[in-house]
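Next, two complexes with subunit A in common: one pairs it with subunit B, the other with subunit C.
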Partner chain A sequence: MDFASFAKPTNSDANSPTTDDSKTEELHFWKHVEYIENHGKDQDDYEYCMTEFLRMSGIYWGVTALDIMNQLERLDRNSIIEFIKRCQCPTTGGFAPCEGHDPHILYTLSAVQILCIYDALEQIDCEAVVKYVMSLQQHDGSFFGDRWGEVDTRFSFCAVAILTLLKKDLATTIDVEKAVQFVMSCCNQTDGGFGSKPGAESHAGLIYCCVGFLSLTHRLHLLDVDKLGWWLCERQLPSGGLNGRPEKLPDVCYSWWVLASLTIMGRLHWISADKLKQFILSCQDNETGGFADRTGNLPDIFHTLFGIGALSLLGFEGLKAINATLCMPQYVMDRLEIKPQILERP
Partner chain B sequence: MHGRLKVRTTEEERERKKKEQALKVKAYKAATTKISAKRQNQEYDDEMLAYTTPILQRNPDVSTLWNIRRECILAKVKKIKEEEVTPEKEAIQEEHILQVFETEMSLTEQCLLVNPKSYNIWHHRMWLLEQSPKANWQREVMLCNKYLKMDERNFHTWDYKRYVVEKAQVPKEEELDFCTEKIKVNFSNYSSWHHRSLLLPALYPYEGDAKPKRPMSEEKLKEELEMVLTAAFTDPYDSSAWFYQRWLLGYSQPELAACAFRCSKDKTVLSFTKLTTKEDLKVVLTGDGGKTLEITDFLTLNNQVSDTIFYSKNPVEDPSMYQNLEVSSKALTSITLPLSKYNDDAYYFHALEASTTYTPDVLDQLKSQLESCESLLEYEPDSKWCLLTSALLMRAIDCQEYHDKTMEYLKKLQKVDSLRENYYKDLASKWILQKALIQWSKTDGEHMLKSIDLSQEEQLTCLTDKQYLIVADEIILSKELTKRYEGGLKSFSNI
Partner chain C sequence: MDSDSDNEHTVLCEKIINDMHTVFLKDTELSSFEIIPTVLNRNKSPVIHVEHNLGLESWCAKHVYDHAHRMLMGYKKQTVQRYVQQSEQLLKYLNVALLINPDVTAFWHIRRQLVQKNRLKMNRELKFSTLVLSKKPKSNEAFAYRRWLYSFQSNDAIDWHHEIGICERCADRSSSNYHAWSHRQWVLHNAPMLIRAEIMRSEKFMRKHISDYSSYHYRQILITFAYQMSFYETDQLHQLHDLKQLINYYLIAEVQCPAQILNIMLPGVDQAAIGEARLKSFLYCCNLAAHDMRLCDDQKNMYGERESFELHRRASLKFIVEQCVRLLSGDLMGIYSPPATPVQQQQFNTHLRKFDYNSYEFLRALKKSESLLGSKHRKWCSLFLGFDFESGAA
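Entry: the complex of A and B
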């Protein structure tokens, strides 16, 4: 759940690439499996080293994508679990992205998500994690990302997602009412969407976090579904791809943020699934495997999960079902008996 | 990785790049090893700052290194403060502390030039200002203006700007002027329109009775409508201004209210205009002579936490003797609603009024906008935004009179904007149902609840507000719709 890579400058002046309707690509299933499997095998790889600061999320993206493709056994469960254990901070209880780095709520969620998929929560000190999350809530209901005080609705989502996955009663661990109030104070009257803090412009990534937060806290009735749903379906561009804000370029990761939000709100049918599928498939790298943000760009593991995840939400054949709220395989949710709220289609 | 094109390179070039990257990896690993060692020894000094600088200049996403720098700054400030000074040298001491912050501020600015979209850099700058004994907020406002000139859509800059203008106490009027200037330079700037939408309601609050409330005073609303249409017509394919226009026209969901109620001797249903929970729900029937009866044990019809329809199986003796209904809940302040009689049952029904009356000034503005849109449509009959806006304007002016024409436009939109075909279908269904419900509420009370017939509505493809229908004994739908809901649609008789 890291948006750090959103921070890279995008070339917003270029025209959006349009896919040719006549040639629908196939999913290069085995190439993607190989791409994820090989990710990190060369520890001296430049990209791999430079993304060390988000390693835990990187593993979550790879593990989840492979599980959705029913190929989880290709990764070494034990070494991943051992790595996660080494990343838990003994003082705070939170998880660092990698050894030598500081704990943060973003990587704490990733760690918990991976352990849930591996059914291995008993391997870590869960109570310490709960205390960590509780310690980050502020008087106004918001959450810090770590002890340095950055506030963002992403962290509100992370907090309730972690507690939900640990099967903790939200009402007795955090101040849910205030947490909800804070998230709703970030809701914009113009478009029904959400930004990262009160007054911030609506952004599909943050909308996913806030809608997901309301789904986990069972407060979806606070949304203006018609208004927000319209703004979200307007993210679809002629290429079939989705952007994150008006007049921006399409990007495979928004396939997830927008699509998951529409799914939770029961409005998935407001966009064209076929056109979106075409766009996502056009972003595959058919040489190396993996998905890029846009057609013709370099692939990475982040976009690979969100490409595969979005295809799963669209019911693509050969993929396991994914849960829209937590971006994890549905069977894991069933095993944990976690049922985030979703609205029905009218 | 965002926005990085995959380029074909020669074998030679690949080799060269690989070597270059291997060197970078080596340097990176060497630096992080030194940093870790120093950190273990708690050495938060100038050397530590020097080690982290080049890495952050290249890769500001490494949060831990910013944390380390914060430790360094706190340590440095602490050290300066610990030096004993004579009163006359206090100013020099403060100068030293400020210097520490200034140096760090300039590093963040160098980093921002390379990467203006890094959460870490902006947050580090905020942290510095909060810690600094003398923050120069005015300078930060200037910085934002500079960065917004380079990229007027960078939401990090906008967020930071909102934060610093408040600290610098910049008047809202000044911010509004800034916004107007930005929009004049480029209409296609959703970020500016958004910022504007926060300022106007605060500067020109609406004080009338329309519900849901208008976003701002009608006088200002009229001005804004004029401005936004000019913008929209400049480039009818740009969506930013049209979104703003739709907000001005007011398309929020209705406010929470009870909209339908029916009570028979063995069951009661209560519907609301929108989703809500039964938290603190209180439903009381009142009649002549102070007779009251509270109905309890309400459940949601969909078995979820929130719903629009609630029902109770409490027995009620002779419901038709009650005249009023009092409803309140955590989300709804108490209201009293008049009950009507239907056979032995008591009921309440209030169809949603689709348009509210504007002042003559605004109404004139809406009408002239509709004219403009219509004339543009003559030249560009397939203009999606024009079709939608025309339909919305017609609804705002008089939804009954223009009903057929708005339906025609929505049908056309399904073709010209086929990606969102189902959105327009649902919207058409919503408008059709609203009209049908108004019609239905006008039928003779003695017969009204017997049935509602929606089978002749061709464009009705879903039931967006089915909570209004729950009070009817029978809901008659077209074949297609009956199939779609496959018995999942409840009427009063099958609860």
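Entry: the complex of A and C
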């Protein structure tokens, strides 16, 4: 079973809204829909086999992007849910990226996110998931990604995101204070940013995880917003695109990570939205649909979600609102009554 | 595909995988692996072995990977107890699959299970992960596997110099290599005796890769770590050339000896309470930071403005100012050593904002001089160092 069987046969868009060119004249809306829908339809594709180890996240990227584009019904809900159920590890409760692979907190979050979008959490053993997450916390408050013991601030984010989506009280499931302390120990004093471990270089993707973590644990007051905001704004390059670290090239996925962090911090207005929009749109593949990391490169499903997600944060017309902390449609958050903390625009 | 050609296909893949395995068994000193772009099957073995370098022709990589992948998934359907007993067979497929696709954590996990059951030798495993890094220098899985393997060895049995060499090669081959530099930090913290050598190596790297900011960040961590460990080199303390120059630049005053420098930078502190080692380390590390500020200025003059020069100069300046403030107010705060927890760090940041720079000649001159470097730099100084440019000398 794979992504191929999740895509329903393409119909002639009989019941889909017609393209409104005046609203999204620069966004190749239907090409992207088609790109995501067809993603992985070719099972013999070498790329498809090579990326099996992150399939669960791949599905989350596709499902979320399509939902933001109001086209979720193009994927077959039931077969996706059946696939997810088969990936839950009966021993640990965690989710593998694909059958035959091993459970990991990254894919556990992706699985839970997809099930929340489909309003289908009752289909899996949620208590086992909670136990899995609890079992990964260490004495210093950090989280392992799986039983083999790598520590990373990404896993701290995954842990609190999973528990929040499962509507579990953080205080009674994990040691929140210690978890917060660990994340704060990964804050770099030279720039206010965060890395993967204490002392590791500040990195926009990991900043998103740490800011998201503080948003979910309602500890945003611990952030030095002026310092971190400065660093995040410096990510914008003359092309309008954002990079993830100093001296690096711009990349569409950092549009999401930087923008989402600034949104949570109430400082979205600190970057030039128009120039960023132009950059993101320049990374569309005009022929196949989908977004690439940079203008002219080949598109992939990962950059497609983060391109669409960033455009949604920028208020692009024709896209549903997206929640900056959890990178999921806002209506799903409203249905689940989940309200991650965000700071007011000053 | 009909069953005959299917069978033929399997036989071919098995043959290629066996050829590769033979090389693995024969040559324990393999140093690199590459997939070699070739369009056609030229009807000879696609496995190329030249002087400890292993290559696989690209036309067959897909088929070989698919086959190894399918075989491994087949083994994984058995219980762990059963499949670890077939370690020779497993290893054959694992080597090929991971060299072609190093991102598959499930395959690394099988290796871990085999190590746990004593089916694989530690040294061979370290060599294998180095081989993977020769193909993908950014492979976090390979670095993580090494850390995991070392967790079974005693600290002094590990060749840390060799480990730094691996980090350096990977960083050299792939710019801003996050995982290589993180791994290098891990090595440094486990082997503080490397500080001295690392101070030399990191500068060399920064000079060679002027826009690799990860190396600058590592250098910042290195200097901070050296100070935490109260590290200094006695023979360097007589010179402190860069620190003297920095003081001359800010104060236009000739300083000769370490005692004079201490009197200028830390007037009125209780030197006995701080302790000799910390003071010596203060001088040594501030000299390094002053050296780096100078380096950034020189590089800027040579190559033009770059983000890395600007950011590293700031970080070095911040180091000097913070260590001065910390020692100047240590008796008030009850700590002379750098903050250990986030809470202590927050307290220190609050303290920095209230600190009266104008009461100290050196810091006042530094503040005034830095204020002349443009409005953006002034803004940075007030945000990160707590400089209040409205009042006093500036």
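Note that the second predicted complex is superposed on the first by the 321 of 346 C-alpha atoms of A that agree within 3 Å, B and C clash if a C-alpha of one lies under 4 Å from a C-alpha of the other, contacts with A are read in each partner's own complex, and residues count from 1 in each chain.
Simple rule for what comes next: contacts are C-beta pairs under 8 Å (C-beta built on N, C-alpha and C of every residue); 3 or more make two chains touch, one makes a residue touch a chain.
No experiment lies behind these values; they were computed from the predicted model shown.
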item	value
Superposed partners subunit B and subunit C on subunit A - clash or fit	clash
Touching partner for A:T190 - first (subunit B), second (subunit C), both, neither	both
First (subunit B), second (subunit C), both or neither touched by A:E73	neither
Touching partner for A:Q181 - first (subunit B), second (subunit C), both, neither	second
Partner chain in contact with A:E317 - subunit B first, subunit C second, else both or neither	neither
Which superposed partner A:D102 touches (first subunit B, second subunit C, both, neither)	both
Partner chain in contact with A:E122 - subunit B first, subunit C second, else both or neither	neither
Subunit B versus subunit C as contact partner of A:Q341, first or second or both or neither	first
Touched partner set for A:C49, first subunit B, second subunit C, both or neither	both
Dominant toucher of subunit A (residue count), subunit B or subunit C	B
Clash-bearing segment of subunit B relative to subunit C, given 3-11, 291-299, 345-353 or 363-371	363-371
On subunit A, the residue positions that both subunit B and subunit C contact, one per complex	46, 49-50, 52-54, 96, 100-102, 104, 146, 148-150, 189-191, 195-197, 199-203, 224, 226-227, 230, 234, 245-248
Residue ranges of subunit B in contact with subunit A within the complex	1-6, 21-22, 24-25, 28-29, 32, 36, 59-64, 66-67, 70, 115-119, 123, 127, 153, 155-156, 158-159, 162, 188, 190-191, 193-195, 197-198, 201, 215, 238-240, 243-244, 247, 251-253, 274-277, 302, 304-306, 418-423, 426, 429-430, 462-464, 466
Complex contacts: residues of subunit A adjacent to subunit B	3-12, 44, 46, 49-50, 52-54, 96, 100-102, 104, 146, 148-150, 152, 188-191, 195-197, 199-203, 218-221, 224-227, 229-231, 233-234, 236, 238, 240, 245-249, 251, 269-272, 275, 285, 292-294, 296-300, 302-303, 341, 343-346
Subunit A residues touching subunit C - in the complex, by the definition given at the top	46, 49-50, 52-54, 96, 100-102, 104, 146, 148-150, 181, 184-185, 187, 189-191, 195-197, 199-203, 222, 224, 226-227, 230, 234, 245-248
Subunit A contact footprint on subunit C (complex, rising order)	62, 65-66, 69, 73, 76-77, 101, 103-106, 109, 112, 144, 148, 151, 176, 178, 181-182, 185, 211-214, 217-218, 220-221, 306-308, 311, 314-315, 318, 341-342, 345-346, 349, 380, 383-384
